[in-house]
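These are the structures in question, set out in turn.
Both complexes below contain subunit A, partnered by subunit B and then by subunit C.
And then the complex of A and B:
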């Protein structure tokens, strides 16, 4: 895959639009990084950190759905895998794993369910517990949070796209897969703690510094990660590979006849998107201190798509802002039970309306307004707006 | 051996019951209706409410639920789906929103709970439908115990499948539906009122969901979230069977139900469901058009 950068975006975006685009990116990044200066309530800061993680999921969705035209209804699989890998490491670091009558860390739930007389060591407390041994290293767990989703996504997307399965079938396969893994995860109770998930986690520790989730430093870990992912994603879609990817989305047959290996581009971006979701899972565990099978519920995976759709599926930043916005509003109105239920009603309605009338979401509105402003300034006849992707 | 087959058959019939409506709305119309589960849920609530407030039993609830869910389906078609024909992924997303709306309407008792009004049988809690006594007593036939309610479900499902087949292949309306399936533009050019036929087809598929809801209510707890878990199963059956193939849907429901039953017996329910998902994924990869898709272009 060529890494040759090209600054030429599709010709329908004008110079003004490009400048405005960068300005919005700059404002967003300044706001994300500057939030702790304005908000001094660590409780809210921790909440916002979680929503920034969801924003990262929005980016992952926009990358695969908006740019590659692949609707992945199982993004929760990669998020969940990422979360569990880090959570396993942090579980072994927590005090509850060390104070169970063994000098080596053993997760508390394994001890509760251990056969009488079993050796209280990770090697053999139950049949699968040896899988936990490498996770005693926090770095191993964190690396696996990204590597495992990458591998799973690569294998999955290779079989899907090499066999030229497309459109709604990809959505159904990914949906079935996330449900499948969720069931296996719950069934493997002895090593995953089943329905209860992994709780009581330790803190991420780097060089002796402990990242308490309710600390400004932890917020910055998430905020800086989001910024980096956002800019990398932005760069990736503007490369030659990114442009070819968009052409495969608009017309796979034509791209194939032009000599491009369509499947290779789809596999590459699907896998990258999964890696981002895995990374988001890692960060979520650091901020939220738990991992649960609910990350692999269908509802959660579809919610991610909702966030991206409301923010704008064709815009990485739009999808990211959509996720942050929806979750922040939800948290604000969910203080009272009755508003919480009413909010769900509203979000359902908003979603129907967005799909019907605003296929490009909030980012689409912004682009349209800018285009209108520009035309008025120039006095040129209406330029056709960038066409929406299916 | 025969009880294993019967367990599988009874699982199959439930799958088929849910998938039958979907094979119409998805198979024939290309609409991924994520609110299908909620139409099932509305059918179940119709049965609960009819029992509580009107004193009607299961047999009266069946047609009532067919009409209620059918009407709700008609409204959904008019307001949302009509604008989205041909945009299959968008139908999935929009109907997901509709599904949330319907769930919340039941949970909030159509908004009445804001005013402190409570209707028996609605709201966020769990509900039950009472099944007539003669359908709950196990019967012994030639040394085999037969669960009459399960048998009843199988019989009703087969009757509905037969009715659907008759409607699709033996009536003028069915001819029009199949013509629209193949090519809506040409169908319209031939003088078929595509909008009207599509709306009625969607309503019929929704009505079938309502009937499924009543039958499910006989052995499952009725609650606002009950639909979300069944809709995916239904889709998998339709996709495996082959989009637009009624026979394929029936056979796929049979196969997946049997696999589920046999694996559940050998290990446990969770693994059985996981195996079904794995089989479905493999089948879609192998034959994306479905096992029994005879449609050629």
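And then the complex of A and C:
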């Protein structure tokens, strides 16, 4: 092998690199948790909260794409499912659902479309409305935001990976699936409000405290969640299982011959990644106060992949920062009308450049710079791998 | 129990073509067996059948008395078969040490591996293998950057770390320089006795260096079996090899 390929990956993880890694994590977490001290505009805080949610999606993508080598082009499916589950609960808590002439909450859109004379109760206002009954508990809806994506991902990945489907076929299957579910969601108008999605939601309420999306407390719900997910994810990829997962990405056949059930590892991490996306969906609804079929648009799922690629798909934090950065820049730039359209072009261009020249994204640049600094400090020239004794 | 690997009447039928046809042999514990044969004799297919890559249509494979015929690869591996491929197969994006650490895990399950550190026993085994394969200078190098020879030794090292009871080596010296071939023979001779090894090899100079017993395959069948001297003078073997220029 020529040593030219060494630029694509760090050739070693030295102590300095590990320390630098933790330092970057620490700085990031301090910045995320400390943002409200610097930013006192609640509208911006709310915006940033949404971008932190996208950062969580970046982590989910990095976990499956970077660490497991599974390109999921339908991550929006799990995000969307997570969002709808919580949105259903918050919809029932909304004032409009409680003011429909019934002592039990009924979503306004169900009433608008109800057959004349239908009973205004979730049990039977239309054929599917009974599905909403358990969502009267906010905790049920929030639990389902994670449980449903986990179940769907487990069933899906079990069939895909047991059959040893890999590479681009996984991308095609996930892409087709998110489109399919999006269609079903829109088609099930009586219970999902179809194309319009679920709007006019109530606020997340914990112990009597209402989390108004434009409050610092709500920002903290998102920021702390992101921190926890980031650290848990980091722990997960640092475990033995995380290492074995990476080995299955590099060479599944070799991993099998070492005795590992490759599919089991792929299923486990794919499912965890879906659970994170579902949790992100939950948080997004809390911060943005709506759920819409647009969460399952192809474009959105592909955007997630772009964020992760730009930030560095082999790094959980890199992908997370990539998502936050791109969205923040996009929001700033989109204020100007001319840039609004051009932005898509710019981000497309950046994506192409990253794929061609920076396969490890921003995180890769950081690692390369650190490696260069380290070699200079040691006084050794850029080393090539010592060759076999000849 | 001295029979390590028992192959009995093993056959695979690829739609009428029998790449391996009623092959039978017994490899004793601690033995180093070389499988010779002209191109297309079915040597690599035999390894595929034993290691579970290809399903056999008839016959059986037993490992220390346990039936492992047509089980999935990872189950066969957990029973104690380790395999080295003709083209070196290592985890190219992981460092040499990480490669060995993956091989060292005594636990195959996902949940059992949700911990940060290896058990001491596994760690000790990794250190032993590092010393044996002389890979210390490149421990933190990504495996994809190793020289061809180092990559082969790393793969061998992984099989030892894996604690395979029976090791299948498919042309371990293919593409190696003389010096690398020599070093490989050294490693294999060090493994002799403590491991049971089945080697497919063409390079006769190398075979002479390591071989004890030789099995000759031809057209998917066993042609001859015995010590080196006997095989070299066997008229049947000479005849089978005539088409491909004899044993060289």
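Methods note: the second predicted complex is superposed on the first by the 370 of 390 C-alpha atoms of A that agree within 3 Å, B and C clash if a C-alpha of one lies under 4 Å from a C-alpha of the other, contacts with A are read in each partner's own complex, and residues count from 1 in each chain.
FYI, a contact is a pair of C-beta atoms (placed from the backbone, for glycine too) under 8 Å apart; a residue touches a chain by one contact, two chains touch by 3 or more.
On a predicted model such as this, the values are computed, not experimentally measured, just so you know.
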Inset, instruction - For A:302, select first, second, both or neither according to whether it touches subunit B, subunit C, the two together, or no partner. - result: first
Inset, instruction - Return first, second, both or neither, reflecting whether A:268 touches subunit B, subunit C, both chains, or no partner chain. - result: second
Legend entry - First, second, both or neither for A:169, with subunit B first and subunit C second: first
Inset, instruction - Go through the superposed model and pick first if A:238 touches only subunit B, second if only subunit C, both, or neither. - result: second
Inset, instruction - Could you tell me if A:255 is touching subunit B, subunit C, both of them or neither one (first, second, both, neither)? - result: second
Inset, instruction - Name the contact category of A:344: first (subunit B only), second (subunit C only), both, or neither. - result: first
Inset, instruction - Have a look at where A:217 lands relative to subunit B and subunit C in the superposition and call it first, second, both or neither. - result: neither
Inset, instruction - Return first, second, both or neither, reflecting whether A:247 touches subunit B, subunit C, both chains, or no partner chain. - result: second
Legend entry - Common interface positions of subunit A, toward subunit B and toward subunit C: 390
Inset, instruction - State the interface residues of subunit B toward subunit A in the complex, per the touch definition above. - result: 32, 34, 80, 83-84, 87-90, 92-94, 96-101, 103-105, 107-108, 113-114, 124, 228, 232, 235-236, 239, 268, 270-271, 273-274, 277-278, 280-281, 284-285, 288
Legend entry - Of all residues in subunit C, those that touch subunit A in their complex: 51, 72-74, 77-78, 82-83, 89-95, 98-99, 101-103, 105, 108-111, 113-118, 137-138, 140-142, 144-150, 158, 162, 177, 179-180, 183
Inset, instruction - Using the touch rule from the top, collect the residues of subunit A that touch subunit B in their complex. - result: 71, 159-160, 163, 165, 167-169, 171-173, 175-177, 179-180, 183-184, 186-187, 298-299, 302, 305-306, 309, 338, 341-342, 344-345, 347-352, 355-356, 359, 390
Legend entry - Complex interface listing, subunit A residues touching subunit C: 1, 3, 5-6, 9-14, 235-236, 238-241, 243-244, 246-247, 249-251, 253-262, 264-265, 268, 384-390
